[in-house]
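Below is one structure; the comments refer to it alone.
By written order: A, B, C, D, E, F, G and H. Residues from 1 in each chain.
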Amino acid sequence: MNRQQLTELLEKLQRGEIDIDAALQKLRDLPFEDIGIAQLDHHRELRQGLPEVIFGEGKSTRQLQTIIDRMQHKQLNILVTRLSAEKAAELSIPFPDAGYDQEARTLILQHQPVRMTGRGKILIVCAGTSDIPVAREAAVTARFFGNEVEEINDIGVAGLHRLLARTDSLHDAAVIIVVAGMEGALPSVVGGLVAVPVIAVPTSIGYGAAFGGIAALLGMLNSCAGGVTVVNIDNGFGAAFAATRINRSG
Amino acid sequence: MNRQQLTELLEKLQRGEIDIDAALQKLRDLPFEDIGIAQLDHHRELRQGLPEVIFGEGKSTRQLQTIIDRMQHKQLNILVTRLSAEKAAELSIPFPDAGYDQEARTLILQHQPVRMTGRGKILIVCAGTSDIPVAREAAVTARFFGNEVEEINDIGVAGLHRLLARTDSLHDAAVIIVVAGMEGALPSVVGGLVAVPVIAVPTSIGYGAAFGGIAALLGMLNSCAGGVTVVNIDNGFGAAFAATRINRSG
Amino acid sequence: MNRQQLTELLEKLQRGEIDIDAALQKLRDLPFEDIGIAQLDHHRELRQGLPEVIFGEGKSTRQLQTIIDRMQHKQLNILVTRLSAEKAAELSIPFPDAGYDQEARTLILQHQPVRMTGRGKILIVCAGTSDIPVAREAAVTARFFGNEVEEINDIGVAGLHRLLARTDSLHDAAVIIVVAGMEGALPSVVGGLVAVPVIAVPTSIGYGAAFGGIAALLGMLNSCAGGVTVVNIDNGFGAAFAATRINRSG
Amino acid sequence: MNRQQLTELLEKLQRGEIDIDAALQKLRDLPFEDIGIAQLDHHRELRQGLPEVIFGEGKSTRQLQTIIDRMQHKQLNILVTRLSAEKAAELSIPFPDAGYDQEARTLILQHQPVRMTGRGKILIVCAGTSDIPVAREAAVTARFFGNEVEEINDIGVAGLHRLLARTDSLHDAAVIIVVAGMEGALPSVVGGLVAVPVIAVPTSIGYGAAFGGIAALLGMLNSCAGGVTVVNIDNGFGAAFAATRINRSG
Amino acid sequence: MNRQQLTELLEKLQRGEIDIDAALQKLRDLPFEDIGIAQLDHHRELRQGLPEVIFGEGKSTRQLQTIIDRMQHKQLNILVTRLSAEKAAELSIPFPDAGYDQEARTLILQHQPVRMTGRGKILIVCAGTSDIPVAREAAVTARFFGNEVEEINDIGVAGLHRLLARTDSLHDAAVIIVVAGMEGALPSVVGGLVAVPVIAVPTSIGYGAAFGGIAALLGMLNSCAGGVTVVNIDNGFGAAFAATRINRSG
Amino acid sequence: MNRQQLTELLEKLQRGEIDIDAALQKLRDLPFEDIGIAQLDHHRELRQGLPEVIFGEGKSTRQLQTIIDRMQHKQLNILVTRLSAEKAAELSIPFPDAGYDQEARTLILQHQPVRMTGRGKILIVCAGTSDIPVAREAAVTARFFGNEVEEINDIGVAGLHRLLARTDSLHDAAVIIVVAGMEGALPSVVGGLVAVPVIAVPTSIGYGAAFGGIAALLGMLNSCAGGVTVVNIDNGFGAAFAATRINRSG
Amino acid sequence: MNRQQLTELLEKLQRGEIDIDAALQKLRDLPFEDIGIAQLDHHRELRQGLPEVIFGEGKSTRQLQTIIDRMQHKQLNILVTRLSAEKAAELSIPFPDAGYDQEARTLILQHQPVRMTGRGKILIVCAGTSDIPVAREAAVTARFFGNEVEEINDIGVAGLHRLLARTDSLHDAAVIIVVAGMEGALPSVVGGLVAVPVIAVPTSIGYGAAFGGIAALLGMLNSCAGGVTVVNIDNGFGAAFAATRINRSG
Amino acid sequence: MNRQQLTELLEKLQRGEIDIDAALQKLRDLPFEDIGIAQLDHHRELRQGLPEVIFGEGKSTRQLQTIIDRMQHKQLNILVTRLSAEKAAELSIPFPDAGYDQEARTLILQHQPVRMTGRGKILIVCAGTSDIPVAREAAVTARFFGNEVEEINDIGVAGLHRLLARTDSLHDAAVIIVVAGMEGALPSVVGGLVAVPVIAVPTSIGYGAAFGGIAALLGMLNSCAGGVTVVNIDNGFGAAFAATRINRSG
């Protein structure tokens, strides 16, 4: 039952075409359907002008094309994440204007300018060069969501001077996303240097007892620094999404 | 080397009492000491009027008393977390004005009024009655850090109507802390209903394959809802700390 | 908004005291509140005459007494699970008619006869004598929910003749709950002998590499026999709950 | 020793061709052989008209062809699960009438109409589009076993309105199979909304700390909703098998 | 149905009191009951003169007393394993002749001399003094089962000379049980020195990353020496049981 | 220092060419070298006529050829395990008489007849058809080591009658190797039916929560049946090696 | 066979009292016994003047007293680690001169002055106050083994200035032991600042996803800084032992 | 701010071109930049003549070429680790003088002779032939860092004589690196035989319950021998780096 149908029901009641019991009967089943409508409305309002995001992994090129086609009708910006270079190449045929970022493995179809909505700058730092793809996914996503973004790479804790040389950037950010694999110690050090929210992203970088990111994940969850929260392994997108919410709130 | 000492060093150089090489020699070792000072300054400024926090677990009553004694001189508010009722009773003798919250297991010594610094309200929801102690620790901490706090208990996902009945509160918050044990599904549902940052706190509540909070932790890290970040198991304090940073940023 | 309030809203609309836009506005927020009501209604209907269940673990005697007091007003039967003998003794003072089962660690307050609602018999078999407490919890719960129950103990797979001697009982049941610790192999063997649903309950019985029930849990999840589903470690209550739904469905 | 042989033995005894001791001697070894027979009889009766199922994974095309050939003689319907597209193509040469479902990865050879034996409808819901293959395997299997099946896809808990819009279907089912990866929270929400048995199937969908389905599996085992039982990761077939038993029992 | 009943059934058939169909009907259910009987016979023969064993852990003193009482009627020797000193003291009142071994935590009631049935000597070596209780349980059990036993303690691999000094004993044994905690390396070294079967028993001795015996267990399962098989953590009894079977076979 | 050199040393001492101190000095370093010799002697005696075994996995074809070449000089039989079909094909050029078993993935070069040394028969049973490769490796190895071997396949616990129909074979064996994946329950059932040593081999067969053989491994380690010992996952060779030792001992 | 016995054997050969064959026969079994001797000699030489160490955990007071009694005869210094205050109190009666360190849980009986043998200073830093007991065990052990030791506490990475203020001490050490719980990041930072060997000791300090030291252990094993090696969780003794070897080598 | 800039600042102050406040202001931000400088200086001094190391895994050939190009300018020796044969072949075009070691998977560009800086010999022993690649990486690295290196292969604990025959080498080393997969027992045995530092490297060699090196890692962490420290799985480079620090210290 959509708004239209709800209006008709109430009009019928007003016109006396149905009585209160009948209306109640209809409305008894309404909540769930109405919630659907309400949620949609709410979300539509909320997301006004926001780009759509499609998780590309595990979807065939055909499925992706179908979904993008439907979304295009709304003329919204579209971000596809976790997209392999092969699929990106295939999608470039029906969507020649789409821009693919090989490092971030993201595809963007931009139909309108990105509306800058963040209060401050989101700083994305990563510990090693191998962590860059995850950091890039976060950066692309954060920019796509209307945030100013700064990126600093390769400032792991084993060479503190590299990190300490960038304190200006650290103190300048509204939110910091810290991407690190191996022992995942960087968020603790960053969290101790700044006073803004820090989102830690463990990466699956490392070998042996890194266990595909578990070591970094545990390190970050047990951070001795306050103000650090954590997202899933390699989840650059999720970190940028959360950072966007933080950067908009208030 | 503090600011005073640094000033004196430079004055000596200016007066020609030492030459540049000697000054350089002194300054060569300065950075680390200066950092100490700089950090302290920075932190002091940052924390101006902020209460001090002591992690009570694993410290003896005597150690705690010593630490609190030193801190009292600064006339700052003091929060002790993870404090057992036994130790709290012992500490009530030297510190008769301290207030102990049995559920949150926190002790507060308040020497000055809490300065309200948060932009919005922090909402703390918890899934089951057994999760309340962790939620309470978060609530006590968040209030102590100058935030307005609202608490809603026992709205687990197996009884959706309880959660859905509180959408007003959900939409009214600047940050939401979601505390849940067992399967830890509540943050996903909450994250899908709101547009503000959601901090998920897994609790060690549950039995069998809950594995002391691992099930909830994994559930939250894999949340299908965007904007959810996670802290350590049972870490109500950490969630409130991060929420405070979010609520202040900007 | 309850049914009463909803009726009044619709009457106001019918009487022209409010217009459709105002009603829509009110109803826009209704779903969540209505859901609350709807769920309650739905649940009330569903649970008509059904006993209430309280998870006793982690609740203080005072909390339990408060909850039971409130429930008593509805004159419903009450089951408390995972209740220690100490708390049961304390609760026997305010509730002298409550019956405590030391093995199952359950307390029952019965205000009306149990309505038998199950279609067939629920058979509960357990592999070893140490698994009996979990099996008992399942048996007490299943009977409390209105099922006929048969219990067979100590028929582990290392002595097949004990199991095979009870095939009559196996073929006679509508649902079978199989409780086993250690390697948890019994559900596979039972599942291969019968054609009815089998619910497997791993127990934390065992030592060393039993890892508190993980070995049994994994064994059951990997059962080579069809028709076997699994609940959490030591979750006799959950198995009986699921068996009750199966025994009623249709 | 089959029924025929057993009859002959008893006839010999009746005719006095052997004495009781000799018969006893033969029967002493009978049980195990008889069990074979008895099981077969019992199973044959049980499975009368039931299709045969072959687990396709890890079997070569030649092995599969041999097994199917033997089964064809009985003119029974045959279901092959976990069959790759490559092997399916190869099998289509000797068995041109076989129908392959690419999504479910199942092959069906139907020699007689499926006998509908279920009491009610089995509803299969899945949380995300990536979970669809597992849900499809469950759907194909359940239909093959004579059940009416309804499928609903992509109603994960992060968008509650999608789920709540389908409450009619939820309340209409005799058994519900819930397929979900990532945090596996959907069964808890569904279990709280309905009163029928819910079988949860964790999928290996997800990345990072999803650990190939462990997060979803633990989430489901720890479900705070009653009446939820769990099968192995990605085990759509097993869920359908158990649902069939439930849908027939009584 | 026991032998007696089976004889009567066949006599009735012989006498024409029942026909073949009725007999078949009865025999249709026979296998399982017969198996019960057959197994019992088989086992009785097998265990002739063998002592009974009761797993003491998790059984109350009263339960133990009841079980022992019943067993005493058969005048068999009885071994109780994993028995705490407290329960042993309580059982010494009804069974004053019982002998308790505090280190092995075993209780023995001997009604007849142990019949020596092993072909050779079982050697039990343990790596450290802390592993001795598990080794003692194995030694007590092996002797109780009629084997000659030799025990060597504290010959861990970090002091090879202690082990190498005992090669005579190593080469003299028919079966060797190796008990070790921590890294569990001793079975690999022993397995490389001898040509007889080696049963490895990991113990829960160690701390930190010993993880309650997992390190030793994995070490033993991955032994680079041939002929090593493994039992559960701390399972001295199981090792002795298996060694007894090996020492008797042939 | 070999026997020759040792003899010479002693002769020198006897002839007075060196004094005791010098001999002692030489012998001081002797132990380790002597051990080498002693071990070699011991092993040579032990292995007289025994085939050599090469673990093929992780070795290049060239490395394998070199090793086999050297071994050929001794005219001993040679067994290569874990050898891929590709490498086997390459090795068939220099070693045209070598026999490759595709299922067991073993290659045998036989230069002399296998000497039968086992006391009894080794029975190898496996639970499912997918476990056959591991069972085959065990069978090939056991025969190569001079044991009579019987193989029974596909008698998993979900169809007990298949197992019970083979009790003759079970009771006829001197040692039983039980190969099973998934829940690994078969060794428990077999161990309860027989009185001979049972070696359990978990396989990596299964999916989802089978975790590459962990479920089966844990199931076997926690077997409620006595006399069961366990080897590493998929280690058919190791089981056969241990069974050979058992079958020879005494 | 000790040196004396070996000398006698050689003298007999020299005197012609035995022939070479007889000597060879004796010597054939010598290696292992000789190794015993050789090892003992070697060790004696090696350990000349070194204190003896007893692992106190899991040993009864009586066992400890017996062992210490025997060791006292050699007049060597004795260190008991992991000794509870209770046992220490009991041991103070027979050994009134023994010194107990409550924090390190060590007991020392000193019969001769500690011989300083280390080349440089061992620096022991720990991340938090809760890690101090493990650091103390390392410090007591290192001093006992003849090393100069410096201790710095509470310089975790979340407050970098505390660490950086101590660079003088860091650069002054020959070996650094870094003790840390929680995320275990300190060794990475220290390893990046210095050029000497760093031994990392994870502690079981932390809660939730610290998993009793696993998070710290994994963090340290995956350290992005070179030159860091790791010992077992809480193994302060082991770190000091390894540091002593490093500090002496060369 | 480098030394030059710092000197200029101080000269300006000396010349009165800036006042103390301005200098303080500049110096307030100095520490972090100075640390950069200081670290660089310190490191430059430290690394004087030391080769540069590049972790090759996860870097593209182009990235590697760029990095090597920049490093070449300094005329330092360069070591690339974890480099596949494919990338090595591609890099041989721009860098024809580079030497690739296929087993160690290392590439070396040597512009000046290696300066031997180690005090003693580093001995690298490995347990099995499959562990050789990791041992080779350690050997190549250690030689590249200026150490004398000896390698011994295939002396696993299951054939002790092979190890004991090499005691001369063991006692001759300044540091020993022990590389072992499977149960990882070799470091315990070696650690018990020598008095020098032992660095244990677990390898991912093994199958089944070796779990990609976890078994060996746990075995080594729980080593009963003193003086053993551990690095990450397969981390031959890290072991050589740590051994170099040990071999230089003092």
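A few points about this structure:
Note that a residue touches a chain if its C-beta (ideal position, glycine included) is under 8 Å from a C-beta of that chain, and two chains touch if they have at least 3 such contacts.
Bear in mind that the values here come from a model prediction, so they are computed numbers and not experimental data.
Number of steps on the shortest path from chain B to chain E, with steps defined by chain touch: 2.
Chain centres here are Cα averages; for chain D and chain H they lie 55 Å apart.
Chain geometry summary: the mean Cα position of chain E and that of chain F are 25 Å apart.
With centres taken as mean Cα positions, chain H sits 59 Å from chain C.
With each centre defined as the average position of its C-alpha atoms, the distance from chain A to chain C rounds to 39 Å. Shared interface positions of chain A, i.e. residues touching 2 or more other chains, are given as 31-32, 35, 38-39, 159-160, 164, 193, 208-210, 214, 217, 221-222, 226, 232-233.
Per the contact rule defined earlier, chains pair up in contact as A-B, A-C, A-D, A-G, A-H, B-C, B-D, B-G, B-H, C-D, C-E, C-F, D-E, D-F, E-F, E-G, E-H, F-G, F-H, G-H. Across the complex, chain F is touched by residues 129-130, 159-162, 164-168, 205, 207-210 of chain H.
Only residues 35, 39, 46, 119-120, 164, 174-175, 193, 195-199, 217, 221-222, 226-233, 238-239, 241-242, 244-250 of chain F touch chain E when the two sit together in their complex. Here chain C touches chain F in the complex through residues 127-128, 156-160, 164, 182-185, 188-189, 191-193, 206, 208-211, 214-216, 218-226, going by the rule given at the top.
Across the complex, chain D meets chain F through its residues 29, 31-33, 35-40, 57-59, 63, 202, 204, 212-214, 217, 232-235.
Chain D makes touch with chain E in their complex at residues 3, 6-7, 10-11, 13-14, 16, 20, 23-24, 27-28, 30-32, 34-35, 38, 41.
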